[in-house]
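Here you go, one structure.
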Amino acid sequence: MTTDLDSEQLLYMFRTMVTIREFEEAAGRMAEQARIPGAVHLYAGEEAVAVGVCSHLEATDTIASTHRGHGHCIAKGGDVKLMLAELLGKSSGYCRGKGGSMHIADLDLGILGANGIVGGGPPIAVGAAFAAQYQGTGGVSVCFSGDGSTNEGTWHESLNFAALFDLPAVFVIENNHWGEFTPQEKQGSITQLSDRAAAYGIPGFTVDGQDVLAVHQAAGEAVARARTGNGPTLLECDTYRFYNHTGRSEGDPRPEEERAAWRERDPLTILCGVLEERAILSGESADRITEEVQREIEEAITFAEEAPYPELSELLTDIYS
Amino acid sequence: MTTDLDSEQLLYMFRTMVTIREFEEAAGRMAEQARIPGAVHLYAGEEAVAVGVCSHLEATDTIASTHRGHGHCIAKGGDVKLMLAELLGKSSGYCRGKGGSMHIADLDLGILGANGIVGGGPPIAVGAAFAAQYQGTGGVSVCFSGDGSTNEGTWHESLNFAALFDLPAVFVIENNHWGEFTPQEKQGSITQLSDRAAAYGIPGFTVDGQDVLAVHQAAGEAVARARTGNGPTLLECDTYRFYNHTGRSEGDPRPEEERAAWRERDPLTILCGVLEERAILSGESADRITEEVQREIEEAITFAEEAPYPELSELLTDIYS
Amino acid sequence: MTTVTTEVTTDREISYREAINEAIHQEMTSDDSVFVAGIDLAKQGDVFGITQGVLTKFGPKRIMDTPISENAITGLAIGAATQGLRPVISLMFIDFIGVCFDQIINQMAKMKYMFGGKARLPLTVLVNAGAGTGMAAQHSQSLEALLCHIPGLKVVMPSTAYDAKGLMVTSMREDNPVFMIMHKRCSRLRGPVPEESYTVPLGSAAVVREGTDATIVATAYMVHEALAAAETLAGEGISVEVVDPRSLQPLDTETVLESVRKTHRVLTVHEAVEFGGIGGEINAQIAEHAFDHLDAPPMRIGAPFSPVPYSPVLEKEWVVNSDQIIEQTRRLVSG
Amino acid sequence: MTTVTTEVTTDREISYREAINEAIHQEMTSDDSVFVAGIDLAKQGDVFGITQGVLTKFGPKRIMDTPISENAITGLAIGAATQGLRPVISLMFIDFIGVCFDQIINQMAKMKYMFGGKARLPLTVLVNAGAGTGMAAQHSQSLEALLCHIPGLKVVMPSTAYDAKGLMVTSMREDNPVFMIMHKRCSRLRGPVPEESYTVPLGSAAVVREGTDATIVATAYMVHEALAAAETLAGEGISVEVVDPRSLQPLDTETVLESVRKTHRVLTVHEAVEFGGIGGEINAQIAEHAFDHLDAPPMRIGAPFSPVPYSPVLEKEWVVNSDQIIEQTRRLVSG
């Protein structure tokens, strides 16, 4: 695949994907050790989607995320220190400890929040897209949704709404083929979810969600379409989560062969291969990057663990402006 | 158009359509005279849809209707006396006066009720379809929806659900091109709503909703598909309401030319033409039928007006079984 | 909050509906970030007439007709509010909050808190409540109690044209989600309303009639029924004070308690179903905080525990009216 | 309804969750028209474990995994119930009632009434409530008050394994929609549960501890907090009676009033946000109907007016606990 990306950009994308992976490995470990109080839904395996899409976004662009939101947050520029502190319920966290994994947000970076409600995000993404259009900011609103969530009515209402008003929005389906413990084929009777674009008269595409360059290219077209006033696009990314629905919990019902096959298609390995082929990265420097990122995550863990819990007086603040 | 219908059936359909028309004219008049307390949404102009579809249904089949439900009710065998008594809030009415126009139901006839909530009916239709499948009754569940209602999330969830489980359901869109005072093109960006079938992997068709024989034929295929275990169909019927959103109220925002053009395509006239052409009906006997129906409606009005109001003690009955 | 007894000095009378319409016009004039969205709001000016003239005056950018997609409409308001706009949306009938209730209770209400305070949601949601118009069970409810139980929302429910305008202005200037609950039977009621813009603070009840023998706390259209009852009762020598909370979330408990401490007897009246209605909350607060001042059990009137019936005879029986208020007040003062 | 003080004579102890599971198994065995539907209920046996073993025992016809489409799931139950089936559906977290609230309040609750009685809706909706598990604002609420305000619904909220089974059986045999609200922190609590099928009537409260100085009315997990508090208070010479309404709609007011007439003091406790919670309704009824028996103001404890916070320190502060109950009861009896 040819691409407009220079080596600096490619390395940045690689590093961001590694950051997501290492963040999730750490979060998974900490959840297992009960150091994180709530549920964490790990994004490991799906890194190419968030990074490929967000590589086109500025701080003035917004994203609406899901319960599986860490990857989106990091790809959009989120700070792993503040994220980990939030996972631990600390006052230095993104939400001062009030939100946790399912509600991490950073409005300054255009991150409109993870969301504990499946299908909760799309209507909000519509609102952000409308604001960009109304204010003429040139901003684009990206909505990430799981395959399972496309069967919620809110998703449908949002696509129709965005299509009707030519809103600057991109609806990304992260099709990891499972919703909790139920496979996609038991949630709907079509296999290619981008076919749903036809219901709204907008373009729909399916790309290999393990290949960040493929995602980057398709997302680039979709973002450009939105930015130039040509309305929303539905972009389905074929991907897979490497862990069970929450954390790295036991009892993953997905067939072992299926899991193994997808592990073969690790987005990090795929990108690494491209970078090596183009002599942008050697195996050695990839390891160095991974180690650097690991150190960064270790520092974030230390930061998070040392951070104070909120004061009890904060219980009743932040409800109203 | 060729058809499997014999003259008796054709005459029955004609008579049913006339009954709907005359019922609506009467209801419209009575609403204007404030003899009906609540809102009535008139079906006049759309008769061919209800009659064409319901001509395939038995009492064991069910329909879920809308706020514009009188036509569905009559086409499914509803009794105009009980309907009119209900419109007047009388205890002899279908719902003992507790429901009114937007909630007329007759479970014995498989009429699961008009519905005051746009998009309220489709999920319920899914349940009836499931019951037919579960119980192996061979029954079919038909869901009527307006064009506007197809932008409610419930509609989408219901189609996906029915498609996934191959439920014996037919989703009929009555595309009258307006939702309240807003035209279809301001409610979504596709023109042919049956295209939405692709989102669920089910067949979708659009037919001339003013031609009862066209509706009959398409609905026949859809009902047969459902009955034989082949799952749901989306059937869009192109039609038009002859009056304003509620009653015959003033201030219809629809362009005069548009209204006139559709008046030209009166489903009664169209069917009448076919019947005359086939020598099944003369102009004279058509008039006779209309007069008979008018007498029937007059009798129903008398029945309804003479019927008693509910006792005050009935206020608190019928809430729980 | 202190008691605000509304004293209006203007000869100009307009209706409740016109008052809200005027508030929208004035706020839209002074603030470009206000926009309005909902079903049939623009061209048609709303089925209740609330947005008449807005399209003509402000153009299609500022007011939009939407598809019948209340989740998208509500999300539109939430998402746009996070980006600095000040949306006003309508959900038409309060009964329709059901179709987008997740966006209301789990998104709109909680976003600020879940994000640790880093969101501002200056948005107003218009809804119409109330029975008595023959619209049956799905178009006649008074569901304010459902909204008042959700931290993060504010809820106002004016009874007069004056309060309608003032509360609408305040709501539109609030940096929080506010539900403006309009009562259908208040819609055409006329009253003095100054032309210039003014605010009525949220969380401030109004003593709409002073009295000494009993307090009636009443909301929305019930304020008018209570005032009618008070008039009749005055003829019998019973002096009734009528308190209209005007905003239910926040609720001005202090003004209610003050009145009860004076009259020693209280009857709370709302049109909503009595069980689980806001009257339970109000009376529980009174019982807890003014117990020693009560000379009789705190009483309540709300609708009986049934859906709203269609038939005019049943609907009339269902809706709380001044006769019931008179009867119960008599019991209250003789108890 | 008369007071039913549960006396169980069995040595067999199982958990609350297992008790509900057993009820489902038994009812499915005895009645073919029962089927179960919801997200991850069949193969996975529910994320809360409520439907473990059902698929194996009854096969895929009787229990189905559904798409993530709560409106369709709820409509499935309504439509199928009109046709004579007895659906049991799960909405997982009670927080998710928001996504299908119209189907709940405007369809399921009102259908029978709107149709003049000509519908029977024998269906049960399972939902899980409660904080204290680190699941944050959208997965921790106690929203029972919203459901109790809607005529046409019934609402049960058991606190023990015994009641869980008995109420589940009753709910599944009811010809009306019943919400079975399970509390997450009750889920693993064990208690004596007879193996054979039995019912606990709706609308019948249980006096779970007898006492003379004060009544604590508590729901769901708060029953256990109240019992712990009562134990401590007994050591201080304060004799507390604890009443668990068990079903909130219908509510057995009579048993509550009887207890209050005996103890003359009452504290109502629930985990839900206090403002607008069911405690307001209960205390308003007590204040109105047992006024002359009260020796102190009727008190309430519910959660503070905020969304449920995530941080363990804040969540612990948010959730009502026995310390608060002890403190308020001391105030109550000294007042």
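Lettered A, B, C and D in written order, each chain numbered from 1.
By our rule, a contact is a pair of C-beta atoms (placed from the backbone, for glycine too) under 8 Å apart; a residue touches a chain by one contact, two chains touch by 3 or more.
Values in this document were obtained by computation on a predicted structure and should not be read as measured data.
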Query: Common contacts of chain C and chain D?
result: A, B
Field: Partner chains shared by chain B and chain D (touch criterion as defined above)
entry: A, C
- line: Maximum distance between Cα centroids and chain D occurs for chain B
- request: Give, as an integer number of Å, the spacing between the C-alpha centres of chain C and chain A.
  value: 41
Field: Length of the line joining the C-alpha centres of chain A and chain D, rounded to whole Å
entry: 37
- prompt: Per the centroid of Cα atoms for each chain, what is the distance between chain A and chain B, given in Å?
  reply: 45
Statement: Note: chain A residues in touch with at least two other chains are 95, 97-99, 103, 115-117, 120, 151-154, 157, 160-161, 164, 186-188, 319
Query: Touching two or more other chains, which residues of chain C qualify?
result: 67, 69-71, 95-96, 98-99, 102-103, 106, 113-114, 136-138, 151-152, 305-307, 309-310
Message: Going by the touch rule set out above, what shape does the chain contact graph take here: line, ring, star, complete or other?
response: complete
- request: Can you check the complex and tell me which residues of chain A touch chain C?
  value: 62, 64, 93-99, 103, 105-108, 112-113, 115-117, 120, 122-132, 134-135, 141, 153-154, 157-158, 160-161, 164-165, 317-321
Field: In the complex, chain B residues that touch chain A
entry: 151-157, 160-161, 163-164, 186-190, 195-196, 198-202
- line: As the complex stands, chain D meets chain A at residues 39-40, 43-44, 47, 65, 67-71, 95-96, 98-99, 133-139, 304-307, 309-315, 317-318
Query: Tell me, which parts of chain B touch chain C in their complex?
result: 36-39, 89-91, 95-100, 102-103, 115-120, 148-149, 151-154, 179-182, 186-188, 253, 309-310, 312, 314-316, 319
Task: State the interface residues of chain C toward chain A in the complex, per the touch definition above.
output: 35, 61, 64, 66-67, 69-72, 74-85, 87, 102-103, 106-107, 111-122, 151-152, 154, 174-176
